[in-house]
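Take a look at this one; I'll ask things after.
As written, the chain order gives the labels A, B, C and D, with residue 1 at the start of each chain.
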Amino acid sequence: MVVILKNDHDKQQLSNLVSWLSGKGISVHTTVGATQTILGLVGDTSHLDIDLISALDIVEAVRRVQEPYKNANRKFHPQNTVIEVGNTRIGDGSLTLIAGPCSVESEEQICEIAQKVKASGANLLRGGAFKPRTSPYSFQGMRQEGLRLLSLAKKLTGLPVVTEIMDLSQLELFDDVDIIQVGARNMQNFELLRALGATRKPILLKRGLSSTYEELLMSAEYIMAGGNEQVILCERGIRTFESYTRNTLDISAVPVLKQLSHLPVVIDPSHSAGKNELVDPLSCAAVAAGADGLIIEVHNDPPHALCDGPQSIRPEAFDKLAHKLRRVKEICNL
Amino acid sequence: MVVILKNDHDKQQLSNLVSWLSGKGISVHTTVGATQTILGLVGDTSHLDIDLISALDIVEAVRRVQEPYKNANRKFHPQNTVIEVGNTRIGDGSLTLIAGPCSVESEEQICEIAQKVKASGANLLRGGAFKPRTSPYSFQGMRQEGLRLLSLAKKLTGLPVVTEIMDLSQLELFDDVDIIQVGARNMQNFELLRALGATRKPILLKRGLSSTYEELLMSAEYIMAGGNEQVILCERGIRTFESYTRNTLDISAVPVLKQLSHLPVVIDPSHSAGKNELVDPLSCAAVAAGADGLIIEVHNDPPHALCDGPQSIRPEAFDKLAHKLRRVKEICNL
Amino acid sequence: MVVILKNDHDKQQLSNLVSWLSGKGISVHTTVGATQTILGLVGDTSHLDIDLISALDIVEAVRRVQEPYKNANRKFHPQNTVIEVGNTRIGDGSLTLIAGPCSVESEEQICEIAQKVKASGANLLRGGAFKPRTSPYSFQGMRQEGLRLLSLAKKLTGLPVVTEIMDLSQLELFDDVDIIQVGARNMQNFELLRALGATRKPILLKRGLSSTYEELLMSAEYIMAGGNEQVILCERGIRTFESYTRNTLDISAVPVLKQLSHLPVVIDPSHSAGKNELVDPLSCAAVAAGADGLIIEVHNDPPHALCDGPQSIRPEAFDKLAHKLRRVKEICNL
Amino acid sequence: MVVILKNDHDKQQLSNLVSWLSGKGISVHTTVGATQTILGLVGDTSHLDIDLISALDIVEAVRRVQEPYKNANRKFHPQNTVIEVGNTRIGDGSLTLIAGPCSVESEEQICEIAQKVKASGANLLRGGAFKPRTSPYSFQGMRQEGLRLLSLAKKLTGLPVVTEIMDLSQLELFDDVDIIQVGARNMQNFELLRALGATRKPILLKRGLSSTYEELLMSAEYIMAGGNEQVILCERGIRTFESYTRNTLDISAVPVLKQLSHLPVVIDPSHSAGKNELVDPLSCAAVAAGADGLIIEVHNDPPHALCDGPQSIRPEAFDKLAHKLRRVKEICNL
């Protein structure tokens, strides 16, 4: 951490600050310039509250030079984290395909789609039971009944299940869920993150609509600080000024997150664009950029899907896409 | 709602769509242009799922022409909503001042600040007990004990209390709280909004960091749809590319929200800028733009505040500011 | 175009508007709803000034349903535009590689790099002579002398040259330049665009830092309206809240721009990220998403480049990358 | 400047860097931490190219601690710059009102508006002759003839004139213009800025749609580095995700720019919101926040204005507003 002092700082206050830091095991190196004095803080500064120091009368600005996350940081954990769910290993260099409808709508629907995506090589089944919707008047998901139907589809196909939790009070219902998804709007629901840190289930953590990589990793850190190290990072598009696509896929998130962290990175091309004709090119791009997996919306009847129809592809399109993606993965892994 | 059809749309599908809409009480007027056909939908379209229609093969795009919120809409409720808490009326043309520390830190601290801001004319006391922090390693608030200290300060001064809830499981602890605050990061925590809609307490709803006016009003709609009409809208700065200030106060939110909705609008100048030297000019601007109230961080010892020190002002500064603001309000109300 | 009227609109003014539109060859279909009246405008509305209509007292809002660009619109020009420069055809389904240093620094430098990238299969040489820099104290390019050195390198290798123009007064110096680049900060320098529309040279038009697809296409339209139809669209990263990368590559721009327009689309992975370690994954992603070409910064000595060193790759890295990209193109073209 | 080294940096390269810096008169203080080594650079670093240092193999990151602008920096020029034009002094604590139509449309129009706004106390006349428009098919301004009509209105009323330049080739036509405006889209047209730095006319520099304060000040620096110190900074709204207003007025720009720089700051409430009903509250807010002036669009017939009609107010509204603003200024100056 680097602290930039005001020009006319009080010497006594500076001396107080240095003593206080020293009491926390942090030593201070001072650089006196013509117009500015800079303090270099040496030691473990991750527990220092940057706001506290910024508020001091003698301080002009504080610049962090170290990442504020530890458990999620590749510097302290160089090996890739590999997450095992059933027969699937996420993050081991293979390509994990998670597929299924936006929402669970009926036993028939979820079972049919599950069988089809399995046949195309999907590794996990997705499907929303609790649905966060901007309007209170939109379909809110089948909720508990949706979870029951997901279990049926899992039993039928053997595919492990990924589905979203919206509030920590729902956690007790998620026993038979294999990977718990935290949605973009809940990325900074810190009480929920803390509760998930106390479980031992893998968490698929979606990046918030206007969050930075560091904020995403700090949310992973919340979960990991509770002892749950099985976090999968998911880029699902960020909000930009472009309104033609629903969101803007930040493809750089793939190589950057894998560089900053050891956690697996998956991409959601369906929510990123909100248009089914973009699922193919964005999926190819994600794999080419090094993604560990994809989470794709597949529906047997997109025009009649109860939510997010425009961004779902049909099982046949998924089948074709899955084959192409495995070939791209092969070349780009070389 | 206006539906733009693809050029080569199937006539049978169009006829199906028209029948389906008709079954929902919506009539359709068709405009056939040289290169495009447009459907004008007449009737109550607020319950129509825009995604469902967008997903149809024959549809190129759907444009809403009506606001998707009803309870929060001034068109259907022309009179200002006035919220009464103790002796204070928020939204009646007067200026409501909510003041207090970012976090409750001790009995002594909260009581001293409460007495001082009351003497300066504050109408309500603010103070955080549950604190949403980006890092799991930062101070998380005194939680339940913080709520107890707020009650003490309320008893001592008679000031009603505003404080933040972070999860619906905390709701049972908020009995003695007068206005429940929903933070920016929880603006789209729909389960929480729904739970608050079932209470009969006023809710101070903060705008999300990158939310639009419509999204804020849709979140108010979630609460109001549950029967709780006492919602106060709060602009607290949005995220922009400017990093000099913590957030960017969107001052236009004041006149625009008051035009679109009948709900009171308050401004948080402290979180908007994250710098105490900006609290004075931003507060003046907010009142000049027509805000119903302000929520200002006041701390007796900003450099030692346990959180958000840099943005708090001292009681003496608040006292001077309060006087200036009442004069600005007078002139701008003319 | 759809015009939404205010509820209490004056009938006489409405009748005036309808007559005025009729005089412009536009017919009006009226849909009267319970709470709103909507006008559907039929005819060529691309020359209508949307602001003029919005300003009318009787109008609540105007929604465009047709794209405001014509020459650049795939609807009116379904075939891909293919641009021929020397032996290279841009936009015909092949992969065009444009490579070279950020800035021309010396004869030796530009000639060495030109020879190396040619050997690796580059189709065109890039190199900045006029450099837009945020600070007046940074290196501003070799300017006219830089253009002379580019001509030398072109003569030596046969590679056609792409370089940036900063002001229309420089146009007379660009005789030996094969493709004129318009930088992101000049995307809406309308006087420059108009001047380039009067030339018959291909223009590589970079998307502005916070521009939408429509704004980019409207800038292409400025050039094309002047009779110059040879425009290449270039996505080079947009500004987002993420500061880890210099900009954020909007990979969706590739499939979307190719869908909306018939113009070729190239990607600049170097400026997008500002980090040389990201050039490889972003280039692969761009090709996988269907880009017609890439413009990549290659420098023989990145740490000593006079500008943008951190984002340049070495010739050996470019050579390896070029081979991989051709294989990705092959698979994704299938 | 602070340079953060990679953990495993080469000692020889570090020694080379230190010698090179020393040759530029910059001394280096090294802080060796457990996991990181930090270099503190002491001396005048404003001419150092941050990109060059970032590109070195041994460097992880570079953080600036000093502002990169000098001439525009209040630290080196504590007194307010006051710009005199005719009888008006901009930046001396008084309120400067600049008013007039978006575009000059006819002699009658500009003269009538000029007389009216003068009667209401406006200090300068605005009016566009060269108009930057997103579409090549929209009205582009009366150009040279517009400048002639502005001169007539100036002669008639004695009001000095502010109007926009779009390209440096137009500069010779601006002899009778008192303040030359640089539009938001040209804020980083560096060739134009350089040319304006060689004149001795005051420049009204508008902030770009997504520019930061630092970028705005660096563009002012371009002009000032050429010897022209008469720059007026203008905030005119930035692009955000909110589409209800055309742009979002960043009201914090007023106090922050005045703190960072000694240059006067004016606000354009008309372009900020794009809606005439917001001109009043935003103007009041701007003055309350400490703005030195306002530039307001006033038109005698907004619905028939050839451009930007929706955001213009009528002369009578301007008259009433001008009186209110002077009272707000009085109170907030106390």
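Annotations for the structure displayed:
One rule holds for everything that comes next: contacts are C-beta pairs under 8 Å (C-beta built on N, C-alpha and C of every residue); 3 or more make two chains touch, one makes a residue touch a chain.
Note that the structure is a prediction, hence the values are computed from the model and not measured.
Compared with chain C, the chain whose C-alpha mean position is the greatest distance off is B. Counting C-beta pairs in contact across B-C and across B-D gives the higher total for B-D.
Centre-to-centre spacing of chain B and chain D amounts to 31 Å, using the average Cα coordinate of each chain. In this assembly, the C-alpha centroid of chain C lies 27 Å from the C-alpha centroid of chain D.
Per-chain CA centroids place chain B at a distance of 39 Å from chain C. Residue positions 210, 239, 241, 243 of chain A each touch two or more of the other chains. Across the complex, chain C is touched by residues 210-214, 238, 240-245, 248-252, 254-256, 259-260, 272-273, 277-278, 281-282, 284-290, 324, 327-328, 331-332, 334 of chain A. Residue ranges on chain B touching chain C, taken from their complex, read 2, 4, 29-36, 38, 40-44, 61, 63, 65-66, 75, 239, 241, 243. The residues of chain D lying in touch with chain C in their complex are 46-47, 49, 51-52, 54-57, 68, 132-139, 166-169, 185-186, 188-192, 194, 209-210, 215, 218, 221-222, 225, 239, 302-310, 312.
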